Amino acid sequence: MTSQEPGNEPVPAEPPPEVSGRRGRGVDPSGLPPDAAHRLAELEHGLFTSDLSVNEFLLVKEVGFHPLGFVMGSSIYHLGIQTRRWSQSQELTKLTEAMYNARELAMNRMEEEALELGADGVVGVRLDVNYYEWGSDTAEFIALGTAVKAENGQSYRNKAGKPFTSDLSGQDFWTLMQTGHVPLGLVMGTCVYHIAHRSIGQTLRAVGQNVELPNFTQALYEARELAMTRMQDEATELEATGIVGVRLEEKSHMWGAHTIEFLSLGTAVAKTADHKIPQPNAIISLDG
Amino acid sequence: MSADELLAGMAALSGDAPAKSRGVTSDLTIDETLLLHGMGWEPVDVVFGVSWWSIPYGFWQWQAGELTEASTAFAGAMETATAELRDECARAGGTGVVGVSVEFAVHSRHVDVALAGTAVRRIDEKPTDRKARQNAAFVSDLSARDFVLLTRAGWEPLSLVAGASFVVAPRRSAGQWAAQKTQYVELPNLTQSLYLARERAMERMQSAALQARADGVVEVKLREGPLGNVGRTGVRVMQFIAVGTAVRLGSDGHHSIAPVMVVSLDDALRQFEATSLRQPG
Amino acid sequence: MAADVAPTDGGSAGLPEAAQRRLGHGPWSSSLSVADFASCVALGIEPVGFVQGYAVVTWRYVSGYAGRPVGYRTFTGYPNLGDTGDYMEQWRCPHGFVGGEHRMFGYNFEQVWVEQAWRQGYGLAFGRMLEEAVGLGAHGVIGLVDDMTPLAGTGAEEFSIRGTAVVVPGAKPPPRPFTTFLAGQRLVKLLEAGFMPVSVVAVCSAVQMWGYCMTAYQMVGSAASWSGGVAGVTSIDQVDRAQRAVRELAREHARAELGGDTLHGVSLQVSEREIGEADLSLQCVLKGTRVRRFKDFDPLPPPTPVVRLT
């Protein structure tokens, strides 16, 4: 299903690049600076902080967890220029690595803070990217969440001995635990793909009717699959039963419309018990 | 509601108010009023606290690194405004203030904080007990609904707590810039300075909570970003402000709220949408 | 006052002829949503018509002493502040004679003329709406929506108020139709809880702050060497007092209209305008529904917390 027009060569089938793995392999998080250590020490003396709403706070307590503290990690990354062949649709592997590493650094630092507090996990994780007017090619990657600990003393740390992370809200965390599953970790896969724009022009000129553009279908398809596969690989490493709440985000960040990052995020879970959820009540709300 | 009751309501319009009270004012909605009433509380008065603190002239131009006077101004304004709110609450005869709206802004010459909420009290509390407690009136930006939920679970709100930190983002040298141009690399100085500023803001908020002898802080909101209107061009000031409500566990400990799972039958038949997998960036 | 206006209670010179025709006959119209209409019907209240009132008012400085407008700022002498109402505070420079433009005196005072003009505008619009309602034989007006919009380029403001006039079958008409911003479920809950809406309350308070030298240094920070010890970070006392005063005045004006009833669902809006280096003009508008308890109400049992699966 490939056409042989110049500039429309099929996307090369190379193996996915080596992207540094998580769970302590390959990425070296820098140690916590003294001010952060001081704030965490205060938290260890019994004060907790959390950005959970009151609803989420009460539901987290309901499941038998107690919030320990608000934890965060960040990394300001410079994203330079990767030379690329403009006429070819391909993955920009260096950019993929960079986006992945930057988020990894932020997540690892957040996990470090959670470890410092003796947490079993972090809920409500938000991964944000901030751009500021200074530095057109710099971006700040931030990971924020609330570290929690099980009140019954049982450890919920994952296979790598680290606190679980999850982007589940308090409500979703409660609901998940009702089903007999526990979260293992936030898993992600990313792929930065460049779409060859010259070939778009050539192809469109040749088209006078409704027809699929197979190369582009293939390119975008491939990019999404790469992202999701990498995410699933992370889940396999954690020995998860499944992944919930998967979402696929597509952003051009500041690279222009022809370069898109496909980011796939979800929470890996494992089954712990054969839970029978009580039959939920059906309601109809009469207002709005 | 029966027709007779409605007619009784209409009849009440001809005549004066049944009790000669001072005139209660409240910005609670009817839902919130009913929830509070169900717990034995009632609104007393809307109360306010406003404070402006000045920042010295030329302050933003000559600093580098952390800008401590700006955070002192913010802390001062928050404290003064909260204290004013507490005083008004005490004057009105309330036990605490709920649903406080917190508005603040940092300008080049001053920081201003404006708080407004409704003072509430326990209906059956004896005036002498209330007076004894008035120095400890709680202030919180929790809505009345969240206040009721938390109280039923055995927790009490203590105070609004906030912490701020302002930092000038360091620049890279020309050499560093050139060397990093084609690399994908972390910028450690910048990372460190912003990370520390965030931590400092959180830490100041925590200290305020510890001072209030709290067990924890909930509903922390972190506002951060560049402060565009101060200093000369080229000086990049970043602000980090954390605000939350300090809470304490009551002597009875935590009570489970035992929520019930419901399936709401409001939705029309839901079909699979490919775009539901994709969220806007 | 500036505009040529009839007394504030919405005199009969107000209603346009078209209003008479519309309200005379035909099916009633109403701005209630379907949900709110259904709540009305369930409660036993009948809508009788859509009512509205409008007034365009313009505010200007009024000429005062020696041909200068009231409120004209002087630096050295005691100015004519006009009627300062319930609030006036004065500050005096601690520096001794400095001369020139040094702000030797500072004042915070209530701007009665602003409040009166606002009350006039709102009162006219409100009165006209009420007149339409009375003409329909209404017992009350619910779901009120009010607005104040500037008319571009004219320096005038238009006050507008609209709502749905209703009757309660079998009730004796009250001395004045009751009015409220609420409608629908919220109104039903209010009534079930034992509160009867009496009338809408809307008040405006205005405070003018003329900063004295210390306030000016704190707000502008010029000539720090003259600051006389105001270097560094300090609270700006004069501004704090003006801000507090404008809110307290609004609350007290509102309380004066309650007659012992309760003011429910208060909304507050404060606007500030800097009109000089260290001069602030503050205005606060406070609105709510005056309600009266007509029956006792047992406290609701604790509601069940639920987690929705959709």
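We call the chains A, B and C, going by the order they appear; numbering starts again at 1 in every chain.
Note that in this section a contact is a pair of C-beta atoms (placed from the backbone, for glycine too) under 8 Å apart; a residue touches a chain by one contact, two chains touch by 3 or more.
Quantities reported herein were computed from a predicted structural model and do not represent experimental measurements.
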item	value
Result of counting contacting C-beta pairs for A-B and A-C, higher pair	A-B
Closest chain to the centre of mass proxy, which here is the mean CA position	B
Mean-CA-position distance for chain B and chain A (Å)	29
Cα-centroid distance, chain A relative to chain C, in whole angstrom	50
Residues of chain A touching at least two other chains	58-59, 174-175, 280-281, 283
Contacts with two or more other chains, residues of chain C listed in rising order	305-307, 309
Set of chain B residues in contact with two or more other chains	149, 257-264, 266
Complex contacts: residues of chain A adjacent to chain C	58-59, 171, 174-175, 280-281, 283, 287-288
Parts of chain C lying in touch with chain B, wherever the complex brings them together	43-45, 139, 168, 170-172, 174-175, 178, 182, 186, 188-193, 196, 198, 218-222, 224, 230-236, 239-240, 243-244, 247-248, 251, 254-255, 258-268, 270, 288, 292-295, 297, 299-310
Footprint of chain B on chain A - complex, ascending	30, 33, 35-36, 38-39, 42-43, 46-55, 57-59, 61-62, 67, 70, 72-81, 94-95, 97-98, 101-102, 105, 109, 130, 132-134, 138, 140, 144, 174-175, 178, 246-251, 277-278, 280-285
Footprint of chain C on chain B - complex, ascending	1, 3, 5-14, 16-31, 33-35, 37-40, 45-46, 48, 50-58, 69, 72-73, 76-77, 80, 84, 109-110, 114, 116, 149, 152, 257-264, 266-267
Of all residues in chain C, those that touch chain A in their complex	35, 185, 305-307, 309
